[in-house]
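Below you'll find the structures, each written out as structure tokens.
You will see two complexes here that share chain A, one where it goes with chain B and one where it goes with chain C.
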Partner chain A sequence: MALAEKKLGDKVNKALGVNPQDAKLTKTYLSLAFIVLLIGGTLGLLQGLNRAGLFTLPSWFDYYQTLTAHGILMILVFTTLFMIGYFYASISHVLGGLIPITRKLGWIAFGSAVFGTVLVAITIIAGNASVMFTFYPPMQASPWFYIGLVFLVVGIWLAAIGVFLNAWDWKKKHKGEHLPLLSYFAVGAFLLLFSASILVAIEVLTLIPWAFGWTETVNVMVSRTLFWGFGHTLVNVWYFTAVSAWYVAVPKLIGGKGFSDSLTRLVVILLVILNIPGGFHHQIVDPAITEGWKFAHVFMSLSIAFPSLMTAFAMFAVFERVGRKNGGKGLLGWFKKLPWSDVRFLAPFIAMAAFIPGGAGGIAQTNHHLNQVVHNSLWVTGHFHFTLGLTVALTFFGIVYWLVPHLSGRVLTPKMNKLGVIQTILWTTGMIFMAGAMHWVGLLGSPRRTSYSTYGDNATALGWEPYLFFLAIGGTLLMIAVILMVYIVFHLMFKAPKGLTEFPVAETDGTKNTPKWTKNWGLVVALLIIILAMGYAMPLTEMIFNGPPGSPPIRTW
Partner chain B sequence: MKFHRAEEIFLVIGVAILVLSMVITGYQGFAKQMGPPSGMETLDPEKVDEHELFSEPGVYEVGENKYQVVMTLQAFQFTPSNIEIPVGAEVEFIMTSKDVIHGFQVAGTNLNAMVMPGYIQKIKQTFDESGEYLVLCNEYCGIGHQIMSTTITVK
Partner chain C sequence: MKQAIYGLIFYIFLMLPPVISISESIMVLHMHMQMPLLVIVGMLFTPYLKEKFPGFFEKWNTNGVPGTLLFFIILIYWMMVPRAMDDAISTLSVEIFKFISLPFLAGVPLRDSWKKLSKRGQSTALISFAIVYGIVSLLYIASPNQLCNNYIVAEQKALGWTSLFTAIGILIYYVQSLFIEEELEE
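Right, the complex of A and B next:
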């Protein structure tokens, strides 16, 4: 009897694609990701209250330590853990289970990332790394901070290699076939992340000997440029991860079909090759880069908007078809016929909608003298809380509602769905308050990354206070939403009623019209390298060979 | 690979808007001289005090209602500070950092530039309205970053 049950269980698992070993790996990644979200979110709230002048952080854990930890935990650790967990589950599902070496790499990557994060956290808590997640030299953190970052990056590389090996193995067994779309996204996203993190690895490897005192000086501009080649790409990788769920899972969840296999693959390729030089728009008001190059980079940055325009069209095309199928009439009647009360749709929909103002703000900042108006103001912080906090994080939350019960063999009950809807509304309202206030006060000149200050009761600075109060209200709502989300994740993992939840993969028009060259990753890598070289070779050469003498390490906190 | 007709129209309009924004940016940047600060001159960041310009930071009148402000930034101060200039003055700020990366921002204007050790950064502004302007550092530079500020009084 027991044996028969086990056999049945195996069959069901096979049909639904849950391999218990793979499920365990992803559940581990997601558990830690949401614990990190809870810690990072708490730090975020403390910052918001401090910034509004409502709360003073203690000297043993001051505003800048809080900010450094919040930045690293949210933008690097939460997102990396979620991405690996989600894509490993995706590969396991669409490629018929992880191959043993990939599963092993997944665990080693987890260990490396956790070890790195702990090292980084210790140096921040000890007060030896109040350098923000951008760690611009010549401000120098403890060498162990940089070593911690190396372990995080190694974790990313190992996870990426696992994905590549698994996809390669599948290709060998399925000669001539196209990689399933979701795994195509996984390969693309990890390829982009892998390539960009080479830049930051080079930077960090020059900073380590400098921080230990083995080398005397460091080239400040080269470090900064390498950082942004990575830093900007990183946030686009998280967006890339979110987009994969929009194309593959969301259409299925609402009873529709995927838009077009070939155009989706084109979006993946464009996201991979166009992204890295976009980092330059973080340096529009820097010295050491000529105006001509900055303008060339306006073009390179804006080109990233193209695949997003394709995505916007594809998503609304899918929604319109579903709405009409559900009986929606007229020009916009279909809009009302979408499953608004289903959190698995509502959360990613709001995430997409948020990318309209988020993306538009990004385009504005990319144009160089518009950038000069808002550079390093709270506007920028508002911008990436819209794009990352709403677009990316809310999509990740939306994924949780089906991915976690799928892995834990449970179901999303109507009650949990309702709680999810409340969570989504709270999170969205909180972000609109907080990021909205940040955008507005940033336009007035209030700087980012600055602890509470009236600049000696300066009238201009005092005029910013009401906006900062809205920022604190938004932060408080967000904290409640974080707690709800963490509860939902662990409830779905351990407490929800047992049952079967499907991993939603939408049908598309198939691969019969998909060009063969989309299978050629060598071509994609070659294009990536060409565009990278076009963007970076000349400016970096200028900075290295015509740069000033380097800077010695300085500690200013 | 086939684009839907409506998608083609949508993408063409989208790309046209992007191109238009670039054309405007290029025109304003290059024809109207509104481009971002991009100082290319270098100096030794450890010998700022010995540099011909920065050995004597200050406000210099260089023409009829034209001024140069030669300024050094360091944790956590601007030198010179509490600057006074007449209404309508065209002011060129010539800056460098003596230690870490700082930001130079004047609230209520478009003055916004990164000031790096080793580079001479330049940015211009005409002050047509009288009043007190808040100058602040907008790049995190250490424990006292939030007090790094001064004023420009235009009268």
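Right, the complex of A and C next:
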């Protein structure tokens, strides 16, 4: 009997596509991602308390070291590890298992990323790299910091190549078919990340000889421009990852159907093509870029709103249909009938809702005049805690509740679900307090990237204090939420009751009406390159050929 | 018909004086935005023109080769002759020629020819297209002198780099078309 059960389990496992080797790879990525979240979160709390003036970090690990480590761990490492783990599990599921070369690349990428992160961490702890996550020159870190970043980027590239090879292999075996939607998202997201990280790789490769002292000066504008060509895209890559779960998993979890296959694929293509030439909206007060080019990039960054609004429309259409099916009446009655007590829906829903104010704040910042009001103030920090901390991270947490049990052959118990709901509420409240306070105090002029100071008891600076308390309260709530989340992840991975959890992939209207050109990745890549060249070739050439003599290194700490 | 109306609206938009002055103020915009958009306008007109004059296209462009050749002649004239852009800015008649030649002598024949070309013909056209862009990029990047009276050397170099990226884009498109050949023919 026991044997029969085991065999049946194996069969079901096979049918559901949990390949133990693939599961191990993703579980490794996710474990490390959440350990990084715990470390990064702790650093975030310490830094928040310091920023609020409640506590002073010791000189051997000061505010700026904490800030750099928190930024890099959360923005680069946590997100990247989660993204790779999640998409590898996704393609393993929808494409019928990873091909051996992809799995191998996944492990090498993991090794490369871990090695890079360790190098970066060592240089920060040693006090040689307090340059913050943007690592703008002429602030100069130890060369090993930049070399660590190179290994991180190489990890990203290897992971991306793995995804491309797997998709290509599937296409060869399924001639004429459309790539399943989730793998379509994976290819798009990695294509975007791959292309954008070429820019940052070029930047870092020019910084390394400069940090070793082999070259004396560096072109600051070129470095900043390359960084933001990457940075602006990176935030959209996380958003991309989150959106893939909204389109594919969320409808299934609430018992609905995907909105439209063609629309989803169009969103993917638009996100890939429109994204990279938008970096100048991060450099809106930088000199050396003419207004026309800033305007062109602002236009490109706002054009991302178009696929985002398509997403909003599609998601709410799905919700309304489900709500009405569940008996919701009237204009908005369906809203009450959504499965609010299910954390797998609640977390991504709050994430989506948070993108409304988050996106609006982003649009405000992107405009030249409004940007002047909030530039380099805590408003900006608040903005990306809203978008990354709520929209992206909360979607990632929402994914955990079904992905981890699916991979480890366990189930989400009602008790864990309840804990998840509590975690979601705590996290949301914490983020609203913290990011909300940051937005407000930023409007009042409190700077970002700067430790606590009363500026000689200046009245304006003292007026920031109450808001900074809110910041600290929010940070504390977030820390509790982080601990809960890490507990939930490892509980679901090792302790939850055994059972089968399905990988939720929603049905859609199918691919019969999907235009054939959406299969044409070559066209997407060609357009991506051409639009990238349109956005950057001209300003970069001006910066290089009409550039100043360059800057020697500066150490501000 | 719908396409032709969109094309007409777009055509008129591109002719508006402020649009012309913006799109010709920067060399890259002039060559890599205004000119391709004019070609696209021509492509939008094509179905309507083919419906109106079916015999003409059948007679003069049976296998697509003459149309493609005409497209390349116009393309090479506007891209490889630096003074063509100068002339367009300073002489009204050349500007008018640009607004007529790019849609009607490049865009229309290209769209009419593309489907008529064999697979090999399309490949040849794509590779030639990439080569033209490659040569243009060499010309503008390597030239130490100012080639156009209206644009400074930095803009010229930028144009060269964008052309190089465009050439790479076209080549990538070509290479992938070798892999998913059968799908496009379905």
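The rule is short, and it goes like this: the second predicted complex is superposed on the first by the 548 of 557 C-alpha atoms of A that agree within 3 Å, B and C clash if a C-alpha of one lies under 4 Å from a C-alpha of the other, contacts with A are read in each partner's own complex, and residues count from 1 in each chain.
Here is the rule we go by: contacts are C-beta pairs under 8 Å (C-beta built on N, C-alpha and C of every residue); 3 or more make two chains touch, one makes a residue touch a chain.
Predicted model only: the values in this text are computed from it and were never measured.
Enquirer: Applying the touch criterion given at the start, work out whether A:330 contacts chain B, chain C, both or neither, answering first, second, both or neither.
Expert: neither
Enquirer: Quick one: is A:526 in contact with chain B, with chain C, with both, or with neither? Answer first, second, both or neither.
Expert: Second partner only, chain C.
Enquirer: One more residue to check, A:414. First (chain B), second (chain C), both or neither?
Expert: A:414 contacts neither chain B nor chain C.
Enquirer: Let me test your reading of the model: by the given contact rule, A:263 touches which partner, first (chain B), second (chain C), both or neither?
Expert: first
Enquirer: Is A:538 touching anything from chain B or chain C once the two structures are fitted on A? First, second, both or neither.
Expert: second
Enquirer: Mind telling me which of the two, chain B or chain C, contacts the most residues of chain A?
Expert: Partner with more touched residues of chain A: B.
Enquirer: Who does A:513 touch here: chain B (first), chain C (second), both, or neither?
Expert: first
Enquirer: Once the shared chain is lined up, is A:546 touching chain B (first), chain C (second), both, or neither of them?
Expert: both
Enquirer: Touching A:58 in the superposition: chain B (first), chain C (second), both, neither?
Expert: neither
Enquirer: Report for A:100: first if it touches chain B alone, second if chain C alone, otherwise both or neither.
Expert: A:100 contacts neither chain B nor chain C.
Enquirer: Considering each complex separately, which residues of chain A are in contact with chain B in the first and with chain C in the second?
Expert: The overlap between the chain B and chain C interfaces on chain A comprises residues 546.
Enquirer: For chain A, which residues are in contact with chain C within the complex?
Expert: Listed in rising order, the residues are 171, 175-176, 292, 516, 519-523, 525-530, 532-534, 537-538, 540-542, 545-546.
Enquirer: Note which residues of chain A are touching chain B in the complex, please.
Expert: So the residues of chain A in touch with chain B come to 62, 64, 67, 130, 132, 136, 138-139, 220-221, 224, 260, 262-263, 266, 283-291, 294-295, 298-299, 302, 305-306, 309-310, 313-314, 317, 363, 367-373, 375-377, 444-453, 455-456, 458-461, 513-515, 546-552, 554, 556-557.
Enquirer: Would you mind writing out the residues of chain C in touch with chain A in their complex?
Expert: Within the complex, chain C touches chain A at residues 25-26, 28, 32-33, 153-155, 157-159, 161-162, 164-166, 168-170, 172-177, 179-180, 182-184, 186.
Enquirer: Touching chain A in the complex: which residues of chain B?
Expert: Chain B reaches chain A through residues 1-4, 6-7, 10-11, 14-15, 18, 21-22, 24-26, 28-30, 34-40, 42-46, 75, 99-101, 103, 105-108, 110, 112-121, 132-134, 136-147, 149, 151.
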